[in-house]
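In what comes next, chain A is part of two complexes: it sits with chain B in the first one and with chain C in the second one.
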Partner chain A sequence: MFKKILFATTGTPSCDSAARVAFDMAKRYNAELVTINVFGVPSRSFSQTVTDIRTGDEVDLHDDRLEEIKNELEKTYVQLIKDYTPCETVVTVGIPHTEILRLARKKEIDLIVIGARTSAEENENSVNRHIVGRTLQSVARSARCPVLVIGRTAASFWGGISNIVFGTDFSKASDEAFKFAFNLAQTFNSSLHLFHAIDISADPFEITKNQEVIEDRIRDAREKIRSKYLSKMEGFNDYEIDVWEGIPYVEIVKYARESFADLIVMSHHTKKMDPEKAVLGSTVEQVVLRSNAPVISVNHPARQKKQ
Partner chain B sequence: MAKKIMIVDDDPAIVKYLENLFKNNGYETCVARDGSEGVGIVKKEKPDLITLDLEMPEEWGPRFYRKLSKEKEFKNIPVIVISGLSGNKYAIHKAVASLTKPFDKDKLLTIVKETIGE
Partner chain C sequence: MSQNILCTQNPVNDKEALDALLKDKRGQQYYDEMTRLEVDTAALSKSLNDTCHSRIRTWLELCAHCGMCADACAFYLSNEKDPKQVPSYKIQSTLGEIVRRKGNVDNALMRYAMDVAWGKCTCCNRCGLYCPFGIDMGVMMSYLRGLLFSQGFVPWEMKIGSGMHRIFRAQMDVTVEDWVETCEWMEEEWEDDWPGLKIPVDKENADIMYTVNAREPKHYPEDIAEAAVLFSIAGENWTVPGEGWEETSLAMFAGDWEGSQLQAQSVYDAMDRLKPKRMIVTECGHAYRATVIEGPYWTGQKSGKTPIETLHYVEWVAEALRTGKLKIDPAKKIKEPVTLHDSCNYVRNGGLSQCGREIMSYIAEDFREMTPNGDHNFCCGGGGGMNGIGKYREERNTGQKVKRDQILATGAKLVITPCHNCWDAIRDLEEVYKIGIRWSFLKPLLLDMVIVPEHLKPKEE
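This part shows the complex of A and B:
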């Protein structure tokens, strides 16, 4: 299922967890691994001066500079490379998300692995700690393949995919995420949790005033999961259906923790939303930042690479 | 009757070290070399506490713990995670403690005594 994995890194400690997941997955699933580092943005077209993405400094780009960075990067991941040698390292200059997406298309990548934040963004004020990186947002929005995001520094991959949580909001994009999650569960012989969180935080219909209304909605949601997804899971019995009420991203993170999830699969909706809301309000982005399990964001069906 | 501690680890040196440490402090021990044989040994030996490595060849510690937590009789056995992996305290959120290798044996013994007594 994952024959080619692209790991996008800045080479800083903030990408260490993502590195471990990328290398572990490549090794475990016998995939080809390509590591990409976008070193800097050219200050002008064809300029030999680039702005270093990590430091913000202007740096002259000598002929050997990219090779030096490549060696530096390979040294950073020497322990991981030692255990898994069939990997390629690409260092380039340009706008990070453009270069990542370009390489993903060129190499026909099945999965992009990326950290949720760059180190530069981590150093900003505390408000921004609840916002995913701009590169991730752009990559997740436009990638043709699923994007696996490692949000928290501690988020790790504890020994393969055996327990998948699929979080749905019943949208069309969620249908595509379901197809991917189910395919994944079948391929890796994993348990699949079909989960929906009823949003009572905004309470537009004042449903929290009446517990019966909440429980009716839970029953309706369970029925919707059955009718929408179970019909497509013939012969697959290792699943559970759960519906909780609360703030969706909180409930998904809690549910994943309580069910020992190795992986969360969700759809990414930001393309349809107001940019302000996409940054601050998206459930998948909050799950990415808070969850202890890696999160795979699946994009619009037309853009998803055929499995 | 002595309390029994189950050691789940694939490293023979660590296993031997922990066996000696626990036996010298009055505990009985039993061993699983991997998560895959762990649940069977738990059922057979009924340990009072488990020390659990995370990264093992056949089946990792979290997957073993997930299976264990489905067993009504054994799901509340206290677990101490002992692993060299970074972020190991997040791997099993119900663990009573997480120690990073190389660990302090006195700290481990203190946690064991506080959890199951002497």
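This part shows the complex of A and C:
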């Protein structure tokens, strides 16, 4: 299913769950694993110093330092991962999402695994929180492959997948997410839960005050799911369709919990956001932060190799 | 002769020498060696004979020490009016001394001159504007930098920067392959949102050849994509050169005139090869100065001009808005108070102050000028290379107080900085002084408010 997995990490405990999943998956699928750590962001113009993402300190950049960080990172994962298998480790500096996407493209990666900040990490510095939030958003938005985001420490690990929740907003990007979710459900023989949430949080005209309007919308959305997705699932019967109303990320999290979801598949296609707002992020990011199930974000068809 | 390894009079011409310098943490060994660097007084004296002509000698003689330049200098004002920060003093005690002594100077004076030339002056040339005799301190400071570079008395980062240009024809280690690859990548990444987006490389006879700052392919590739989108929206027939794409010149900041010439020539060669009608320089100030204002002289262009007409990005934006190639959605104009930082290099020293104002009239509802502004603006505090030099970080931070207060006085929280160096400096300013501002290039702002023609909108079913 996955041949080349890229694990993007800050090297901090917030990425430990993601690390377990990444190493575990690589083993399970006999995939090649590449780990990338973008440890510093450029600062001070063309100077040879960078701002360390973990500490916010200004540090020198030289080959020895990169080598030290690489060794430290490998040591961390040797200790953390039970059946650690050596993998290529790339330590670099730059704008994290830029370097992650650049490497993913260069190495023709077919799954990116990335950790997400969680509320338990209050002690980490603000530079880190800010950058991690932005990185997640930018990587998920632009990557040409699915991005598996591991948020809560309690996230279930990649074992058998019995229930997949596919959350759709009917966008073009959601079509790609659907293809991926369906393919996964077939591969793992899992139930596919097709879900849409009607957003009643942003309703300036208060149309949804009227329960009949809400119910009409639910009916329409169910119909849309049937025509858009069921038509492409011939012969596959293990599915459910549900449409709930509310604040989308809350509803998806609730729905995932009730459906015993092992995985949530969504698209993350929001256009560029103001970095300040991006810290709080989109529906996907809110789901990542709140749900116990890992989230895979899919937005684009797989990259076609140029001839 | 001294036993110096890293700090010598030789410029950096190969990867090996560059790597050796880069390995030296914060230039510790380099600066230590500099204390033992011998001054080649014979060569310095010859250099003065050959290149220090009547203009500079007259300026040095003519200075009446009237002090009109003092209040013009951001460093003088930020340093509690320290007399040692008076521009006239800064040049008299360095270049003046070297000329008076006919080059017969010692290591200590050369190191002092370096501290002044890179740590107390950003070559913003504001003082020159206020001198009643028209003495151009900026030209003299640059000339001094040239002398210092030729003797090896140059800050570590500047030596590296000049070496990068000599080796990569770029201020950072970005090869032609890296550059072209980045253009392809950005095309791929952005074509979903902008159907048919192209970043044409090496297209001949285009209307526009666009050149950038190496930081863009290295760290901020979206800047290239944004430029591509805006050119597409404007319907421009444009291209980027495969070789000769880098517009900047740390070599110029370093006083490395040979490196500066090589760099500018690489861009002019691309013009010859691709025969575009015009060239446009990205949102970078010193790049414009190096390649458009100084470059023609370094490379001996008989016309004194670039081989083809060259515009700064702000000139193109102003023109595109004026002619309606780019149309702004009135509902999306910037509503909050916004101010504009003028880059010294293309405003005071390039004459483009009106472009910024014209652009603001199209995109902002509450544009607030800094005082003073335009040709009289103060430097961001990080010009002339000072931004990137660790040794003079404190001096830079202190020097930014003037800019900080200027920004605060406008009440604006958004500062538009159409220059890479100023963008960095204002970012650092916020980090140091925490005054709660945001800063931005023009491109991302324009992208948020420009009217997009139907054919460039993504099809949602």
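Rule of thumb we're sticking to: the second predicted complex is superposed on the first by the 249 of 307 C-alpha atoms of A that agree within 3 Å, B and C clash if a C-alpha of one lies under 4 Å from a C-alpha of the other, contacts with A are read in each partner's own complex, and residues count from 1 in each chain.
Going forward, contacts are C-beta pairs under 8 Å (C-beta built on N, C-alpha and C of every residue); 3 or more make two chains touch, one makes a residue touch a chain.
Since the structure is predicted, the reported quantities are computational estimates derived from the model, not experimental observations.
In the superposition on chain A, A:246 contacts neither chain B nor chain C.
After overlaying the two complexes on the shared chain, residue contacts for A:162 are found with chain B alone; chain C is out of touch. When both complexes are overlaid on chain A, the residue A:105 reaches chain C alone and has no touch with chain B. Contacts of A:172 after superposition on the shared chain: chain C is touched, whereas chain B is not.
Contacts of A:48 after superposition: chain C is touched, whereas chain B is not reached.
When the two complexes are overlaid on their common chain A, residue A:94 makes contact with chain C while staying clear of chain B. When both complexes are overlaid on chain A, the residue A:17 reaches chain B alone and has no touch with chain C. When chain B and chain C are set side by side, the one touching more residues of chain A is C. Residues of chain C that touch chain A in their complex: 22-23, 25-26, 157, 160-161, 171-172, 184-185, 188-189, 192-193, 215, 218-222, 250, 382, 387-390, 393, 421, 424-425, 428, 444, 458-461. Looking at the complex, you find that chain A touches chain C at residues 42-49, 60, 62-64, 94-95, 98, 101-102, 105, 142, 144, 171-172, 271-272, 300, 303, 306.
Within the complex, the chain B residues that touch chain A are 54-56, 59-63, 65-66, 69, 85-87, 89-91, 93.
Here chain A touches chain B in the complex through residues 16-17, 152-156, 158-160, 162-163, 257, 260, 262, 292, going by the rule given at the top.
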